[in-house]
Amino acid sequence: MYIIVLGILFLIMILTPLIFKNLKLTGFVTIFGATLVLGIVFKIITLVSGGSPLSYFNEFFYIDSLSVVQLLIIASINIIVSIYSYQYIGNEIKEKIISLKRGKFYYFLFNFFVFFMMFIALTNNIVAMWIGLEGTTLTTAFLIGFNINKNSLESAWKYIIICSIGIGIGLIGILIFVNAYSNQDASEILKWSHLAKNSNPQSTYSIKIAFTLIFVGIGTKAGLAPMHTWLPDAHSEAPSPVSAMMSGVLLNLALYVILRFYIITKHIPGLQNTKWLFIIFGCVSLIISSFSILRQLNYKRMLAFSSVENMGIIALGLGVGSKVAVFGALLHSLVHAFGKSMLFLTAGNILSAYKTKRIDKINSLIKTMPMNAVFLILGMLVITGAPPFPAFFSEYYIIVGTVETGNYFITALYSFCLLLVFAGFLRVFIKIVFNTEPGVKYAKMEEDKENILPLALCFVSIIIMSLLMNGYLSSMINNAVSIICD
Amino acid sequence: MIEALLTIILISSIFMSGFRRIKLITAGFIFQSAAIGLIVLKLGYETGKVDYYILGILTIVTKVIIIPLIINKSVKKLKINREMELIVNGFVSYIITGIGIMIAFGILNKSQDNFLKTGIALFIIGVLLMVARKKAITQMIGFLIFENGIVLFETSLSKMSLVIEAGIVFEGLMLALIMGIMIFHINRTFDSINTDFFENLKE
Amino acid sequence: MLPLINFQKDWLSLYFIFIIILIFIPVAIYTKGYILEYKKHYSANYMLVLIGLFVASMIGVVASSNAISFLVFWELMSIASFFLVIYEYMHKENLKAGIFYFVMTHISGLFLMIMFAFLYKYTGSFDFSEIIKFSANFSSKQKYIIFILALFGFGAKMGIVPLHAWLPKAHPTAPSNVSALMSGVMLKVALYGFIRVIFIFLGSAPLICGVIVLIIGTTTAIFSILNALLQNNIKKLLAYSSAENIGLIFAALGISMILINYNLLMGASLALTAALLHCLNHAIFKSLLFLNAGSVLYATSTKNMNELGGLHKSMKVTAICTFIGTCAISAIPPFNGFASEILILRSFIEAITMVSNIWIIILIFSCGIIVALTSGAAFYATAKSFGITFLGKPRSQKAEHVKTIPRSMNIGQIILAVLAIITGIFSPFIISKISYYTNNLLDISGKNSSFKNETEIIIFTMILIIITFILYMFNRVNSINKNVVINDTWACGYNSDKPYIQYTGSGFVQPAAKIFGNIANYNKKVNYKKSINISQTTSDIVEDYLYKSSLKAVNFLTTKILKINYGKIQLHILYIFISLIIALILVLKFV
Amino acid sequence: MKYNLFYFFQSALIVCLSPLFIGILKKMKSTLRGYKGSSILQPYYDLSKLLKKGMVISNRSSFITTIGPLVILAAAVTTTFFIPVFYTSMENTIGNLFILMFAFGIVKIFTVLIGLDSASTFGGMGSSRESFISMMAEPLIFFLIIFLYIETKDFNVFHISFINSKIVHFDTAHLIAMVTFSIGILAENARIPFDNPETHLELTMMHEAMILDLSGSDLAYVELSSYIKLIVYLIILINCFVPIGIATTFTATALLIGFITFIFKLLFCLLGIAIIETTLAKSRLFRGAELFPAMISLGIVAITLIYIL
């Protein structure tokens, strides 16, 4: 029932830009649709909150607590970004940067993109998950190259080539994976819910290979280093709302797909050590991204590296595997989605006001764009894990997890990387917000107030999250943790 | 019959790894895709499953007709005929391909599944083309070879429903389309499709 | 699993809450006037909110009964103080100092996070009461781990060498009321944490830990006071002096830890009391001195004491308050620094006679000698700071044309000055109160023998006051009908109006610079071009060597790692396959 | 009460007699140098002359100059109440060595600040050097306290002299410590080789430089306090290290013997200072400073001797 409603909603949202000429209407429909989607997701959350999963259409769609977390992220970031896009696209058209046609094209692709993500989170079919991921690649490739110029085309090309290869490897992995279960009922083997319960594949050897392929392949899409190379380019060149969506949601979702396979793999006797894939790639991501953050000249690029870092943190948390750490990882994926979207959207505001992505060209934001400056600082605090924002807890739980399981070296490495990231962020954002060149007059900019609502929404949701930490949120995440750990 | 087709695939792909002329590579690709399509159809004939027929037809339609058309169109517009500077020259490419295939077959020596082995050979050649060539269009063809490998894999391993298979193939087509469009844009903005010009995003 | 803010009310927490509130009240009064200076360029509300948050979070840290809420408040404290440090953001150096400070405090936070994670691992709980219940069961290896983490975690916040480098940067850049809070209170909060972890959670740390603490404390004290000596920036001098006092407290804690190991609980209790008392005293006099420095800054808008001088005429109240603060910090009876300084030295001496291990004796003895030298140097440094700033003749226009200070600032200073005297004279009562609790902590309540004769200071003060009074009366009688001539100072017949015939701050410490200059990397350059011109520079050697070389290492790695991100797309594709192959090999090999 | 009264008497005696001892010291020096010298009562004459005179005050001076001399004198006088002179007992509750030593801190800080107060060149120089020397001397004082505490397990001067008066045979450590402390006394009281109390040559003086701008009764107070300070230090030296003969019972004979031995010991000390001051020249500031590390290593030797022997 809900699934059908969702499908119809998305159909309407996707078709509106194709049918109607009025861009405003499209924007409204998108926002309205996003609100309805969020409402439905909330309804689904209440249905699932008891712990028992829902399934529709012969278990083709399957919603448990783990997917609920993803659904929540997608739906809420979607509405925030939709609101942002409304103003953003309007401005771009007003300033004659893009044509009306491209504006409509944007909405078409954007809604398609969200549809695919929703599809990944809802589906139970493991190959369908892959199809969803591939679909996001297809739609976002154009979104990244949206402003057709040298930089964006280069990044889009990199994105499409690297991600397609990754996804292709992932598909090979999935094929081998499925093949390893060929002893089971043919109509059931593509269903995750079935595989998670039956842990007796034909050969564990091919499961090993398959999982590695899936991990590396889809890990490319999730932005784990050293397969992350597309990410900084793509995220820095895409329009800011798209970067927010990709960084906050898409990366998470790719990791979620890996996690689905990991849950199956983990239950097979003798394969528990596959968790080291998470840990090693998490650590490599952490190291590479944290060092890279230190010397960036482009703030959007820096945020992109921070996404790599956060993916590393989440992967590490999942890999460490103790309940505390997994809780931390899931919580972190939630916080990161909101925090990073907030930062990217703020960066978008700054970009549209200053027309430059270079850090050294922007000074004294607190004078020129005070509201955005405040959100930038808040976002920085959120993303670097400062209390009372939930990222502090999530990062801390992962530390606790590493200590608990005795991986002291990883604890040290992890903390060191957190420190580096913190230093890098601090250096840049404090410089952007507060640095005052002597003798320069800083006047308040008009653009400051234009697109504040989505930022405020992001921040409010983060605050709500910290308030709900003890109750609702933690019970929801705990349900998800029990799916992973038990 | 299948053995002969597999041979065609292997030979064409090994030659493709050293070709410089894009038209030749495209031709190789067409041969390869056609062979794969035929194999799938043959399998369908043998097993009597509708899935195989549809997969085979889809493969032939997209990879033998549509994608080569896109490529040719781009090539005509772009006036590029050949790879000028190779990162790994033809001679070495052949050797690498040979060694790679040898190792892959060596690892899989216990398996009797020739599809699998051929698929892996295709992966290796696809990757080689993507890594060792500079033109965006060659990279695209490399990726398509890679995808052909996936199709071979699929036929050998999977038992999926039709919708899913169609989805996979359809998305392959979409990807090729998007790549083609992108190459077109790239050529227009960069005046070249050489990936050497992709250096703007260095900080 | 998640923080429930649940406060605890044991004596240690209450004592430190008492310190925080005691300092906060006068500082708050002071802030009312001090903020006027900033109203032109910066937002006053912003500062008030941040100060409120800062103090609240410090109280939160001290009152937490749960590791998570401890850490939350700890980080909040760091954040609030960071934004206070960069309050005057229009100066670039302030931003730099602030960032440096925040990074250092983040290091501290990370160490603490790991430490509590370890405690959680060992005890299975984040709750302090649960941890205390477990405290007897820690193995010595566990104790070492916790100790090292606590040392770095709290140490980075306290400013022990070599983690002190943020202190002399952050304190001068922060507004003075904030530096008063930071130096007077925030450092104490870190000490609180250290005491709680080492003395209450672990019960007794291994001997080596005590030795390490003692050595680090002493090194910190001597290093920072010698650096303080050579500073000409008032607030920088005070910042270094804060580090010195923390070093003293730390050394006393070290003594206490050593003695607990030998089960010499009497001496341990004495040393712990000394440390706790010095926390209170240092909080009072250091915040007083920072407020004074703030007043000077407010009135003359310079922190460089070589531009000051003669302020006693225009800023009477501040001068007297600073004098009291100076006396307190240089351990002049009956001001408060004296009481704790004596206790610290006494705990050193008693430790020497109590311990039987000759190597420990030699260690304590040499540390004691250094601590004594430190207190001498502290006298030197503060005499310099007061004398050069307030006495003599104005050395520049800035010192001559002085803004009047709002009354609330004066009130704030006076309250603290009075506190410094009261806690000095009545220190015996405070000591007995604290020692009651430390004895309880170490399970030797009832046997109160190590604190006799402490009331002597009251007798001393009374005699001193009586005699001063008698002499004063005598002087009044004596000076009737005497003519008093007020004139310019004699300057060997030269025109004495020139202020530069006076000693400057740098000149004042020249003897020490000559002998100990290396420790502060002291350099003197004389230029003979046109006019003779002497420039003297100092820098922090720890910062020069340790910090800069680690920065270099990070820079090097960054350059190398950055290369991974940029390159040809073909290479990036190769990365995927290389990592795939490596992952496959690893998985097939090890799983 | 009786005891307390007696202590008061003792102390008052010290206050009154210290100028006399200084006079004796000066007389000794002039005799050693081979000229007649002034009368031993000369310090009294000087003081009374100064008290009668009017004052010249610098227009730059602050409250430090106003109250400083008085407080300095008061602090010096107060210390006399905390030391045994020729009678001691174990019942006394005041007399903590720490308080004594830190009380001299009051004198020190005021003199240093007076030096800076009048904005003259010499004052700053004197203050700077005085602070430097006292900083270097601080470990010595600390060492003294450690040593005495190790010997007697007490911080109280009265108790220390009571306990030490029983010692007949002094060991090496004790003697080394005594020498160390004697040098400390020279440093703290601005005597040769650290400072020359007689000259007013600007390059050499320390103590005199600081009080250069004082005059009249202020100068008298400071001079008197410096006399008292020297004598108090000497008394501490005498009564802590060689308290032989000090009265430990409250009888007339014991007190008499105590008084006589005390006078002798004090005169001996003064003679020692006189000899040092006539034979040595004032050393350079940094030469003087080098003495301190030497003293500290001596102290370490002493402490180690106590523990090892």
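Quick notes on this structure:
Residue numbering begins at 1 within each chain, and the chains themselves are lettered A, B, C and D in the order written.
Just so we're on the same page, a contact is a pair of C-beta atoms (placed from the backbone, for glycine too) under 8 Å apart; a residue touches a chain by one contact, two chains touch by 3 or more.
Note that the structure is a prediction, hence the values are computed from the model and not measured.
Interface comparison, B-C versus A-B: the higher count of C-beta contacts falls to A-B. A centroid comparison over C-alpha atoms places D as the chain most distant from subunit B. For the pair subunit B and subunit C, the distance between C-alpha centroids works out to 69 Å.
For the pair subunit A and subunit B, the distance between mean C-alpha positions equals 31 Å. Between subunit C and subunit D the centroid-to-centroid distance comes to 34 Å (mean Cα coordinates, whole Å).
Subunit D has its Cα centroid 78 Å from the Cα centroid of subunit A. Within subunit C, residues 569, 573 each touch two or more of the remaining chains.
Contact of a single residue of subunit D with at least two other chains is seen at no position.
For subunit B, residues that reach two or more other chains under the stated contact definition are 127, 130, 139, 195, 198, 201, 203. Contact between chains, as defined at the top, is found for A-B, A-C, B-C, C-D. The part of subunit A that touches subunit B in the complex is made up of residues 125, 127-128, 130-131, 134-135, 137-138, 141-142, 145, 148-151, 153-158, 160-161, 164-165, 168, 171-172, 175-176, 178-179, 182, 186, 189-190, 232-233, 236-237, 295-298, 301. Within the complex formed with subunit C, the residues of subunit D that make contact are 51, 53-60, 62-64, 70-71, 73-75, 77-78, 81-82, 93-96, 98-99, 102-103, 105-106, 108-109, 112-113, 115-121, 123-125, 127-129, 131-132, 134-139, 141-143, 145-146, 149-150, 153, 155-156, 213, 216-217, 221, 285-286, 289, 296, 299-300, 303-304, 307-308.
Subunit B meets subunit A in the complex at residues 123, 127, 130, 136, 139-140, 143, 146-147, 149-150, 153-154, 157-161, 164, 167-168, 171, 174-175, 178-179, 182, 185-186, 189-190, 195, 198, 200-201, 203.
Subunit A meets subunit C in the complex at residues 157-158, 161-162, 165-166, 169, 208-209, 211-213, 215-217, 220, 225-227, 229-230, 232, 270-271, 273-274, 276-277, 280-281, 287-288, 291-292, 294-295, 324, 327, 366, 381, 386-388, 392-393, 396, 399-400, 402-404, 411, 415, 418-420, 422-423, 426-427, 430-431, 434-436, 469-470, 474. Here subunit B touches subunit C in the complex through residues 87, 127, 130-134, 139, 195-196, 198, 201-203, going by the rule given at the top.
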